[in-house]
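Both complexes below contain chain A, partnered by chain B and then by chain C.
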Partner chain A sequence: MGRSATPYILIFPSFLLAAAVILWPLKEIVSLSVHDVNRFGIMRDFVGLDHFRTLFADPDFIAALWRTLLWTVSVVVGTLVCSVPIAMILNEDFYGRGLARILIMLPWAVSLTMTAVVWRWALNGESGMLNSGLRDLGLIGTNIQWLADASTAFPMQILIGILVSIPFTVTIFLGGLSSVPEDLYDAAAIEGAGAWDRFRTITLPLLRPFINIAFVLNTIYVFNSFPIIWTMTQGGPANSTDILVTYLYKLGFRLGRLGDAAAVSLIMFGILIVFTIVYVRLAMREEQD
Partner chain B sequence: MNRKKLIRSLISWLLLAPVIIVVLFPFAVMTITALKPASEVLDPAWWPSQVHWQNFTEMWQTTGFGAALGNSLYVSGLTTILTILVAIPAAYGLSRYRFVGRSAFRQFLLVSQMLSPIVLVIGLFRLVAGVGLIDSLNVLVVIYVAFNIAFSVWMLQSYFTTIPRDLEEAAWMEGAGHWRTLVTVFLPLAVPAMVVTAIFTFINAWNEFVIALTMLRREDSYTLPLRVFSLVAGRYTVDWQYVMAAALVASIPVAVIFAWLQRYLVRGLALGAVK
Partner chain C sequence: MRRLGLLAGASMLAFCSMAQAGTVRVTIAEYSKGTGPYFDAAAKEFEASHPGTKIQIEVVPWDNLQQKLTTDISAGANADLSIIGTRWLLDYVSQNVVTPLDAYVKPDFKARFIDTFLKPSIMNGKVYGLPIAASARAMYYNKDVFKKAGIDTPPKTWTEFKADADKIKSSGSPVFPFGLQGKEIETDVYFYYGLWANGGDIIKDGKSGMDSPAAIETAKLYKSFIDGGLTEPGVTSYSREDVQNLFKQGKVATVITAPFLLNQIKAEVPNLAYGVAPIPVGDGGDGGTYGVTDSIVMFDNSKVKDEAWAFLDFLFTTEQRTKFDKVEGFLPVNAKEAADPYFADNADLKVFTSLLPKAHFAPVIPGWEDIAQTTSNAVQKIYLGQGPIEGTLKEAAAKINTTLSQK
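Now for the complex of A and B:
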């Protein structure tokens, strides 16, 4: 066998595995989304775009679509805004830095499902420790039923989403900051640049590629994130905290509307593809500048 | 002691305090609830009147925790080993060879990174149900490996590229074969990247929820996240002291390993993320 076959042999196992587990289900979803499917998964007549029409006529779907946008943007932006200063502090040399780093990274080690279960209990209206903690501090007078109403449940879920995304993001930024040469700051300090100037002209530009990668990865993770909302409210009360993933799961595995669920999958796939293409374009244009 | 550093430390901790309080809050809730006697769990007071350690042993007996722990260890361990074994050759191929389809393969990896299991869950369920393998932990492993390949190949490849080719060439000159060079020269240099990739894969598999929720039906095949979830989902009465004890026991070992390896993650991720 010649040299030229070697790289193909090397990549073949990973390609085969990923293709089997990703391309085959993708093909299934495409065909489910254009056929009439009964709740036992038997495919019947070809129905074209009917499932998509059903979805776009369904106010719950439209609401979930908008809520997904709100969820993704809030969590990703919130995470990036919190993570930059946290990473900068953790990059400083101070007593107990090792401990501080470990504490900030801690949520990463706990599964999202467990985190969500714990918060669900902490946010319990009658016996939850958040209410008792806030009452003890005199911040609230009466108990708040956090999860009974979307106006408090969804913001709480966004906050938890930010909290669990911070460790990964801070880790990426810490890696970025550790590659910034110290003498750049010294030089800037000699030239009389203030802290904000140093941040704007040195830290931020050098952190840029790391912010980009954190932005893309977080967007993909958060957009697809299921356990927090599913564990805390299952999209309730009355679908008011549903995002696309939880809505998809309900359609598919609760209501048995497999065709509609497959159509939601494809819409999500489409959104992710568009996002990635836009990002790659932007990133490439920046590189040329 | 350095006075300037002392002041800086004080300011740093002060600024980090709000985040740290929020981070530690769920751990406090877990610990305190897990130590409350059953009669006080629904009482919203912070501190229990007495510490009830028996919750841990009772939880272990009543919730099937041990079996779930075993399942999680099996699934995560096997996933990690297989992912690394499959990803190393692919990453090596990508970093050392120029070949037709190289960029197509990279794009394929990018797309598979984008598609998390939840987007494909309907199709995956049909695939698995079609071959009659619902409830099989090995099927779970195969799915996890497939979804972890992209990230692992990416990480390993960017690290492999930083290992100078000269080292391998020198070994070839001295008469070592390709295979021997790979095993004795190249791979030892790549150990840090493999460790980081392995930790990531392990934690991903350990924490995965939606595929486990969909594919596992019988309680004795549940993994830990599913086990804990099933203790609270759709029940009228929840024994919160057991749930919190279970969550605590499931979280502490991973948190300790994580704290221990955290510095490698910073370095590894920095290398892998951007290059």
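Now for the complex of A and C:
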């Protein structure tokens, strides 16, 4: 009896700590979202679901919601598609592999904000590096104003999002690849399997759990990622590149609508929780089959 | 264990410094690289003459100031004094966060100020803040570009301006005639210059002026600049700093902005042949500049109000004001300071001060940031050619009217 209680006693303090750190802010956000809140976070009347109603009546919020989904799916899928081949190349034994690995990992060490600032300069219409590069190559005649319009700004932001997510994802995949036994490939080669077949029947299935982890972690991370979009366009022009988290920041700190902002963050929290549970369940069921 | 001791020590220290009655904490917005050093020096000088009082300066970048204050105030951990945008002041006053200074502001203190700049900080007849920074806007123009296009004087009206812009363009100059801002802070303000020139106003009789004929006229005017290739392309990707940079690089011939560009030009491109002129007016002679003040306020929960006031009194002496405004390139708010040869004999600054009698300030209304955002969004849509001008402006006006009726 005493023995079976030990783990619970041991786990209790950390559980308490986790509860304090996770549940207390959550409780605060919930109560902010159902009260009339002033600019300085002082709560007044209970207003029920008013903040949520305001949000769903706001076309900018709806647009930001859809854009967030587009942003997350594009960046996450793009990152996974790019990272698998990169990880496979880096897993090969070649001269200078160590250096190549370091080069791929380096961007990870640079802060996202700084990366975004540099890209903001590079994409500047009149003095940006990208335009002058393209002009020198004869690809464009007149400067492209990358950040002037969502139709060019947002795809660029997605591209940068993919670029900065690659190092982390490649790291996960490299770990996965190193656990694939070499003799499987040898056996497949003897059986006459081509490179594509080996990839499809050995690499991909064995990499599956790692892809799942990378997928879930990247989704959570990208969904909540603020610096790229904020630094480059602040969600503009006219809210056309806003995702939920930049929209939330504007509501909270610029417009002083903390109640609405709390409601947005709850909605984001809900979406992520539902997504994660559904995905993890699906992935686990597949693994068991 | 050692770490625990250290922690305990640190918290004791924190406790002691809080308990010391003579410490005045001041949150300062960072205007430039010179801001921090100026305030540190001022604090030292003040401490030397006021033994027992300690001034603790915290410098915060402008972009983060509102966020920092919001979190500090909601946690009850705010400083004793802080710089805020005067346009935020109403929110602070209505939430009883800041304290009126009337008990301290004696007539001779009040007499130090140029009235135009003190006025925006007065609400319900009480002084809630002191204008720590003041500026106005005027038009900078590139003399070389104008001369090459055969133009001798800067344009006085928008009609002249449009004609000059056409001349510059048809002279084959690669310089874009009008540096138009279309991104981030003050995008709405850039639109107001035309609005005021056309006899319009931001708010008229409690209603938005964004659907007025003047606003429609202005939108058409600016759009004709854009469509005619008279502005830099892609205006919605240029923030205030971006258009100022274009001007410094000689890529646009004109830009409307604040006096602090003078300091930047002096430091970065001293050979640029530029002039400063009033913002063009309408054909009916309407127009004016945008006046901006930032206020320094005292928080209601301050425990060292007298000491904090003594520091304010010191900051607003003519000598301190002159030092600060020279560093930052702001306009004098102190009448005696304005007589200082540095300001009085500076032809460029004179243009700014001459515009002050017709300065428009951001209206003192609740939800102003919300309204400015709506305006910016509408203006950006028009610049991008997304949707018809009148419809977009009507929609914005309706949204602003809802905001206005909410409080």
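Basically, the second predicted complex is superposed on the first by the 267 of 289 C-alpha atoms of A that agree within 3 Å, B and C clash if a C-alpha of one lies under 4 Å from a C-alpha of the other, contacts with A are read in each partner's own complex, and residues count from 1 in each chain.
Quick note on the criterion: a contact is a pair of C-beta atoms (placed from the backbone, for glycine too) under 8 Å apart; a residue touches a chain by one contact, two chains touch by 3 or more.
Model, not experiment: these values are computed from the prediction.
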First (chain B), second (chain C), both or neither touched by A:E126: both
Partner chain(s) touched by A:L282 [first = chain B, second = chain C, both, neither]: neither
Which superposed partner A:L204 touches (first chain B, second chain C, both, neither): neither
Chain B versus chain C as contact partner of A:T6, first or second or both or neither: first
Which of chain B and chain C A:G41 touches, first, second, both or neither: both
Chain B versus chain C as contact partner of A:L106, first or second or both or neither: first
Touched partner set for A:A189, first chain B, second chain C, both or neither: neither
Most chain A residues touched (candidates chain B, chain C): B
Touching partner for A:F15 - first (chain B), second (chain C), both, neither: first
Partner chain(s) touched by A:F253 [first = chain B, second = chain C, both, neither]: both
Touching both chain C and chain B, counted on chain A across the two superposed complexes: 41, 126-127, 234, 252-253
Complex contacts: residues of chain C adjacent to chain A: 66-67, 70-71, 73-74, 91, 95, 97, 182-184, 232-238, 242, 245-246, 249, 251, 367, 369-370, 373, 376-378, 380-381, 383-384, 386
Of chain B, residues touching chain A in the complex: 5-6, 8-9, 12-13, 15-16, 19-20, 22-30, 32-33, 41-46, 86-87, 89-90, 92-94, 96-97, 99, 101-102, 105, 108-116, 118-127, 129, 142-143, 145-147, 149-150, 153, 203, 206-207, 209-210, 214, 224-226, 228-229, 231-233, 240, 243-244, 247, 250-251, 254-255, 257-259, 262, 265-267, 269-271, 273-274
In the complex, chain A residues that touch chain B: 4, 6-11, 13-15, 17-22, 24-29, 32, 41, 82, 85-86, 89-90, 92-97, 100-115, 117-122, 126-133, 136, 163, 166, 171-172, 174-176, 178-179, 209-210, 213-214, 220-221, 224, 226-227, 230-231, 234, 245, 248-249, 252-253, 258, 261-262, 265, 268-269, 272-273, 276
Touch list for chain A against partner chain C, complex: 38-42, 124-127, 142-143, 145-149, 153, 233-234, 236-239, 250, 252-257
